[in-house]
Structures are given as C-alpha cells and as structure tokens.
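Following this message is one structure expressed as structure tokens.
So that you can tell them apart, the chains are marked A, B, C and D in the order they are listed, and the count of residues begins at 1 in each.
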C-alpha cells in the first residue's frame, strides 16, 4: 500500500481474537466477521464524529439501521492474529452512508473486505432524515482526506 | 408467491426471536441476521443432504468455508415475530455452492434477502475439492425442483 | 427420572445446536450455555405466562434484569445433539424470581445445570416492583404442579 | 481499594462496549457478561502464562473446559462505559483453576462479580491432567503477589 509518508492514516480498529470467536474448523466463525465489521464502524463513529450509535439513538433520537452488508473472505483468522480493520467512507447520500472495511491480520495479511450501508432515520417515525450537517462535514472531510487510498 | 398447489415446497427454517437478539433500537441487531442465515443453510444441509457442517468436518475432513456473504435488509424483526428463512440453491460450481436466503416474519412480511457462497475444501490442505457426487446429486435435484420459484 | 405417568410434564425448551455454537475444542463454547439457559427461560415465559420479556418491557414498562446466574457443566454438547432444557421455578420472592434449568442432550444425557435469578423492576425508575398478581398466580401454579420433581 | 502504592497491580482487561452488546432494555444483555468474563481470563492467560487457550489446545493438546461459572450482577453497563475486568486467582487444585473476575465501569463503578472454574484436560482422552509445572509456578506467583487484595 504505497502512499506518501505524510498522508493521513485511515482510521483502523484493532482487536484481539478470542477462543469464543472460533469454530470447529479452528478458525474464526463466519458470523463473527459481521460483528467485527460493525464494531470497527462504530469505533470510527466515536473517533471521527465524537458520538456512537447508542448516544445517537438514546440522546438524539437518530437511528442508523443497515440496509446492505456484504463481505468477501480472503484468508481465515485465528486467536494467533490481532485483527486490524481499516475503515473508509465509500458513499455519502442524503440519508445514506456507506463504508468499506478491510480486515488485516497483524496489519499485513488481508483477511476480508466488506461494504456496509446504513440510513439515518428518525427513530420515532423510522422515516429517513438527512445526515445532520455537523456529522456530514466531518464525514466528508474524512472521506476527502483518504480519497484515492487503496483500502 | 403464486405457484401450483402441487409444487414442491422449498426448505424453510423457522426459529423464534429472543430478547438477546435485540439491541437498543428495540429490533434485532444487524449482526444476528448473518447468524440466522447460516443457521438456515445448515438446517438445509441436515434436511437435504443428511449431514451437517460439524459431521462433514469431523467425520469426513471436508470443510465449507464461506467466500462471500451479502444481505439486503427490508424490514426489521422483533421477538414478536417468528422468523422463517427460505433457502434456495443459487449456484453450483465444481467446488463452490451458493444459496439465496429470504427471511420472512410470520411467513408473510419480507425481512431480508441474502446470498451466501461457500467452497468445499479438504480441511487438512485447505485445497478446494469437487463437491462430492453424493451431495451434488441431491443439491442439483433440490435446485431443479425449485427452479423458477420466487424466493 | 421416575414419575407417575399422569404427572404434569415440566416445560422444556428444545433447540438444535449449530456449527457457529462450537469452538476449537469441537464442542459448544462455554459462553453459549448462558444464552441457551436464557432462551429456555424466555420460552417458558411465553408458554406459561403468555408474554415474553420484549412485550413486558415495551408494552408494560416492566423489566426483569438478572441479579445472579450460575451454571455447572456436566458433559459437553456438539451439533450432533439436540438440546432440551427443562425449566423449574426455584424461588418466588416479592420481586425476585428464580429458576433452575437443566440441559439434556437428546433428552437423556445431563449436560448442565444452572440457576438464574431475576428481579421485576419498573423500567422508568429501575425500582423493584412486586411480581404482578396475574403472573404470580401462574408462576405459583407452575411451581406447585412440578414440586418434588427431579430436575 | 486501599493498597500500598508499590503493590503489584492485578491484571485487568479493558474493552469498549458496543451497540451490538445491548438489548431492548438499553443496557448490555445478560448473556454478554459471561463472554466478557471469559475474554478477561483468556487475556490473563496471554499476559501471565504467555499462551492462550487456542495455542494450548492446538499446539499442546491441552484443554481447559469450564466446570462452573457464576456471576452476580451489581449495576448495568452501556456503550457509554469502558469495561475493566480485574482478574484474581481464586483456587489452584491439581487440575482445577479458579478465578474471580470483577467488572468495573470506567474503573470505578462495580458492575459484576463472577467466579469461573476450569479443569486442565488432555484433549485426546478428555482425562484431567495436572496443571503443567511451568504454568503452575506462574499462577502461584500471580496469586501470591495479589493475595489479600480486595477484588
């Protein structure tokens, strides 16, 4: 992943892999990769927007239900690995927000790539709402700072 | 879903929704839908092939790691719903096997649609192997019996 | 388990065991047994009280947070087993409600025994409330019908 | 928690709380506390013994199935909290190893207390084995260094 040494570093979420994440194939269970991806995006919300889904929901009445997720699996994970998930903003609509997540084992071996798209809604009515300006500005700034990077 | 009354019924997996499946939005957590989808496909293996992933792995040394999953979310689920996931065979390759899963609340309201593709492998070498003939025949028969159905 | 043939049968919750429930030891992961136990108690609520935790919380403003859980593990489970969890009422206080759960593989091999105690609360104030009379009557009737049974 | 300022600090495992950990009561789901406790003990294995359950199982053929777990719940957790789980060695037998775990929100509010007891076994025969000397020495040293501490 060539990039100028002064390029901004994309947000990455690191987590240990635990015994309970594995299955009878001695690798991480398929279903856990979606949890990892969602954790990474939620950590990105905290780091980039200064708020997480819980506070948005409970304090502001804003929900972000997912409308689409997909994951391509490249190589397995085990508890010997530390997982690093890099988060990029893939699409910004009026209400919708899409991410690509790329999971690396130990910062170097690609494990999975995913796309996750959510919609901002009013949790009372479940109607779509525009992404609030305060967040949109930060999302756009993050996206522009990392445009052109290979995920 | 119009079909002749004597049409074979596609396999469907039913399960209750529990408290622990929900999140702060009072609906089922996004990550659980992948578990539901995989449960449904595994139940299909039991019903259609007479073997599940555990027995294939432990007794036969055959694994079926996933190479791709995607889910589109249409409407939320809560513990008030009983989930029914209908399973269709979407693609049969030399080693690869793809499914579409469609989740309905209470047999009638569409909740989600997904695609899940796995590969048959030798668990010792992790090399791809052809889908064993015994299973291929049953998979093809199931697919052909349900061709043309609306999922 | 000797009992007169006309004895009332205690509620039991049956569920398949899936691939994703297992870990690298080729058996069900320890953490899943608490989920199984809670599922069984919630299924008991539906069957015995005609309401589940979700409806109690959302419709009635009543919560039942757990104050204590314990599990003793007797024998492992795998996806070859069908799990049956028998539910007994162990204690009924003013606000508190205790259960014993006993998990059997295929209806005959004891896998685990647990105790789970919850408290009825007002979800607005989180203050304890008496178990509503309507439910107390049914809980007491269930307990009395199954008194003296070996779990 | 009074202790001399030069006392060794007990191992503590910190983790963020995520959206997917919560339930309809807007707090962490009961079942997750067992996962948190097991994660904390596994992190202790890595830090104190230099090996985790996965490597013990796969590389050494040693398993550590749990024979007992219990948890008392004191106060709820939400994603607003960072969880810190302090790990103490509670009992060391020939084959058995017991821990107490105490979970604090943000390092100060007690959330839960648990006890978890496992047994060392040969994974081929599932027969109990003595705790290997190399590990026993480190476990005893850890216990003695933290004796008398309030968990």
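Assume contacts are C-beta pairs under 8 Å (C-beta built on N, C-alpha and C of every residue); 3 or more make two chains touch, one makes a residue touch a chain.
Just so we're clear, the structure is a prediction, and the values are computed from it rather than from any experiment.
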| item | value |
| --- | --- |
| Equivalent interface to B-C, taken from B-D, A-D or C-D so that over half of the residue contact pairs match | A-D |
| Higher-contact pair (C-beta pairs counted), A-C versus A-D | A-D |
| Whole-Å separation of chain centres (CA-atom averages), subunit A against subunit B | 25 |
| Centre-of-Cα separation between subunit C and subunit A, whole angstrom | 36 |
| Centre-of-Cα separation between subunit D and subunit A, whole angstrom | 29 |
| Touching two or more other chains - residue numbers and ranges from subunit B | 19-20, 22, 24, 26, 30-31, 35, 38, 53-54, 58 |
| Complex contact set, residues of subunit A against subunit C | 19-20, 22-24, 26, 29-31 |
| Subunit B contact footprint on subunit C (complex, rising order) | 16, 18-20, 22, 26, 35, 38-39, 42-43, 52-55, 58, 78-80 |
| Of all residues in subunit C, those that touch subunit D in their complex | 24-25, 27, 30-31, 34-35, 38, 53-54, 57-58, 63, 65-73, 76, 123 |
